[in-house]
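In the two complexes that follow, chain A is the common piece, with chain B as its partner first and chain C second.
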Partner chain A sequence: MVTSKGVLVFARNNAQIDYCKQAYALAKRARKFLDVPTSIVTDSTEFLLNEYPDAEQVFDKIISIVWKEEDLAENTTLSKTENHALRTFYDGTLIEKKLHFKNETRTLAYELSPYDETLVLDTDVVICNSTLKKCFDRTHDFLIYRTSYDLANNDRSTDFERISDTSVDFYWATCVFFRKTPTNKLFFDLLQHIQENWPHYNNIFQINTPYYRNDYSFAIAIHIMNGYQRGDFAKDMPGVLYYTTDKSILWELNDTDMLLLLDKQGYSGEYTPIRTKGATVHVMNKFSLNRCIDG
Partner chain B sequence: MDERLEKALHFSNYMVTLNNQKRVLKERFREQTLYYYQGGQFTVTKELMTFVGMLVEQGNDEDIVLVDDNETPIMVKDLTEFQGEILNTYFAAANEYHAEYQNLRKNRSVEALVGYE
Partner chain C sequence: MDKGFLIFAQGEEYIKQAYLAALSITATKNSYRTSIVTSDVVPNEYKWAFDKIIPIPWYEETDSRFQTEHRWKLYHATPYNETIVLDADVLVLQDLDYIWKFFENYDLYFPTRVFTYRKDLVTSDFYRKAFTANNLPNVYNALHFFKKSEKSKEFYTWVELITNNWELFYGKFCKEFFPKQPSMDITCAIAAKIMDIDADITNVKQDMPMLVHMKPKIQNWVQDTETWGNRVGIYLTDELKLKVGNHLQDTVFHYVDNDFVTDKIIGKYENAVRNI
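Then we have the complex of A and B:
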């Protein structure tokens, strides 16, 4: 039996950030470095097709997800969680904007994915090597990064150790690999339950943040799947997850190289340059990423 | 600004950038030393190379179980072949690390360090 493999990205634009652009660039890189197709889940299908005329060739499938009145009647996860929070997005240390953050659909990945083996990626992951391809060779059915590497080398060791000081281990929902198995179906159903009852889980797991965050709900679900203890339901993704926060700036993006300006902690507005070669990086500064994609 | 302080700050910026580049190189070396075999992930360390070398030397080179980075037991059918692969992985990474490191040492300005001249 032939197993279908591919990347799934979620792109839901807000007033200033074109996530479709990032997804479009990511799909091309996924084809080049990972040799797999990419499907996009978006609520901006018309915009995507107008803005990128070859989108239907670049993407394997374009999956429209639009909040409709019927969702309310049918009581779908989407209808219960469609509550876009305003979040602060930085473009370096000196510019900040409050914009809508539409991150609620990630938990639908299992249902929406057209693939037997899916690699879910954030649109702001810039693929520069083939390491992520190794996911598809791994025997384990659910992979996620537990740790990450801050290119700025700022002391964030405690930020991403646990979801809060008194809670469970942190996991990065940025890159997730899963196979369609009954156990993973159970996991994604649980994720939807957590998302729909976020105030409760936010309270129980002592997160105390007003925002819904996928990293947190994935961490909670993994903890529950492990029997409320540490376990091996989730194993590590291959390689290293490099990241830069949105207070750093992506300055130049070539085929496999990036030039980044890293924020100097404690010196607002000052940066240190760094060049990466052949490293896949999660670039959280979406404004600078879009500027670099534009060239 | 006092010229002495200005020069020191200039040098300080250079050192910060140099250290950043060294850090990234080191991390890349670490990533390049990952070897994937039969769905398992092995970080090729001196310890792994020595252990595998010792087993091969003793003639134990078929159907050997090794525990990978994720604590998953992986059956290695042909350990001699595995040894060759991990040595290749390690030295390809080490040679690249060495070459890039030597390049870094030649660069005497922030711009040159990050290839933005």
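Then we have the complex of A and C:
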């Protein structure tokens, strides 16, 4: 039996950020570095096809999600969680904008993915090597990063160690690999349950933030799958997850190299330039990423 | 008798804690029973939980808070050949038969590694500066083991001597962070050091028996707190599954704070034990 493999990205534009553009660039890089197709889940299909005429060639599948009235009657996760929070997005340390953050659909990855083996990636993951391809060779059915490395080397250890001071271990929903198995189906069902009952889980896991965040719901679901303790439901993704926050700036991007201006902690508006070669990086400054994709 | 658990408890609060500890041992289907050593009156409604109620030998009343001066007597008071001594403020959340097997290798055993409720190894010496500064073995008395043997007897003879002359011994072995009152942990550490047996009665690479220690300042929390109960939720199901801060506890839980002991928790344990 042939096993289908691919990348799944979620792209839901807001007033200023074109996530479809990032997904389009990511799909090309996934094909080049990982040799796998990419499918996109979006609520902006018309925009995607107009803006990127070859989108149907670049993407394996374009999966439209549109919130409909019947969702309400059918009580779907989409209808129950469609409540976009306004979040502050930075473009370096000096520019900030409050925009809608539409992150509610990631928990539908299991049912939306057309693949037996799926690598879910944030659109702002810039693939520059083939490390993520190793996911498909791993025997474990669910992989996720537990730790990550800030290229700016700012001390954020307490931010990403746990989901809160007293709560459970943090996981990065940025890159997740899963196979379609009954256990993983259970995991994603649990994720949807957590998302639909977010105020409750937010409260009992002492997260103390009003926003829904996929990293948190994944962390809670993994903890529950492990029987409310540490366990081996989730294993580490291959390689290392590097990231830069949105207070840093992606200045230049070519095939495998990036020039980044890294936020100098405590010196607002000052940056340290670094160049990466062949390192896959989670670039959280979406404005600068889109500028670089535009060239 | 062969083997058993022994709890020292003086005072109403501690006897209630010992009762809960004994219930937890029975509820988790441990093979061995629990005796209490006390010179106080054990209420009739608690007696069924204990194997034996043993008066403190050679007892003279004192007003010290932790009654440290009597604890060396446990060696002489125990009715068992092999004894696991527990502090009153612990809950046993699993069958400890495998620990008894592990202890077969030892005359005496003290854990030196304890864990947070998230099962992270405690590395902070916030409450143990005297151990670090005086290079004392980091022994925890809250759960320890001895079997009747020459070595154990000698150890407890030293513990007796140090207890009765604590200022003298602490002045020599615990000069830094000299405590206001004697501590059984420090006393046992000094006895081990004098006998030069710390390597024989501890295993610094061994997590067993996993003791979760709930003193609040060693929980790896960034925000400071005085009592752990203010920071994390406690959930105990009717099946006696205990979750603290959404972390399942399944080993030996040293809750430290007497506020943990409520009639509701005791009631759940009583129901469970009666239904065995």
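Going forward, the second predicted complex is superposed on the first by the 295 of 295 C-alpha atoms of A that agree within 3 Å, B and C clash if a C-alpha of one lies under 4 Å from a C-alpha of the other, contacts with A are read in each partner's own complex, and residues count from 1 in each chain.
The definition used in the following text is that a residue touches a chain if its C-beta (ideal position, glycine included) is under 8 Å from a C-beta of that chain, and two chains touch if they have at least 3 such contacts.
The model shown is predicted, which means the values in this text are computed figures rather than measured ones.
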Next on the checklist: Contact-wise, after the overlay, does A:Q229 reach chain B, chain C, both or neither (first, second, both, neither)?
Outcome noted: second
Next on the checklist: In the overlaid three-chain picture, which partner chain does A:H140 touch, first (chain B) or second (chain C), both, or neither?
Outcome noted: first
Checklist entry - Just chain B (first), just chain C (second), both, or neither: which does A:D255 touch? => result neither
Checklist entry - Of the partners chain B and chain C, which touch A:D54 in the superposed model: first, second, both, neither? => result neither
Next on the checklist: On the A-aligned overlay, A:D165 touches which partner chain: chain B = first, chain C = second, or both, or neither?
Outcome noted: second
Checklist entry - Thinking of the overlay built on chain A, is A:D294 touched by chain B (first), by chain C (second), by both, or by neither? => result neither
Next on the checklist: Which partner chains sit in contact with A:G239 here, chain B, chain C, both or neither? Use first/second/both/neither.
Outcome noted: first
Checklist outcome for this item: Overlap of the chain B and chain C interfaces on chain A comprises residues none
Checklist outcome for this item: chain B partner, complex, touching residues on chain A are 131, 134, 137-140, 149, 151, 153, 232, 235-236, 238-240, 242, 252, 257, 259, 262, 272-279
Item to check | Residue numbers on chain A that touch chain C, as the complex places them | outcome: 158, 165-168, 204-206, 223, 227-230
Item to check | Sites on chain C touched by chain A in the complex | outcome: 118-119, 219, 221-223, 231-233, 243, 245-248, 250
Checklist outcome for this item: The residues of chain B that touch chain A in their complex are 13, 16-17, 20-21, 23-24, 27-28, 30-31, 34, 36, 38-41, 69-72, 100, 110, 113-116
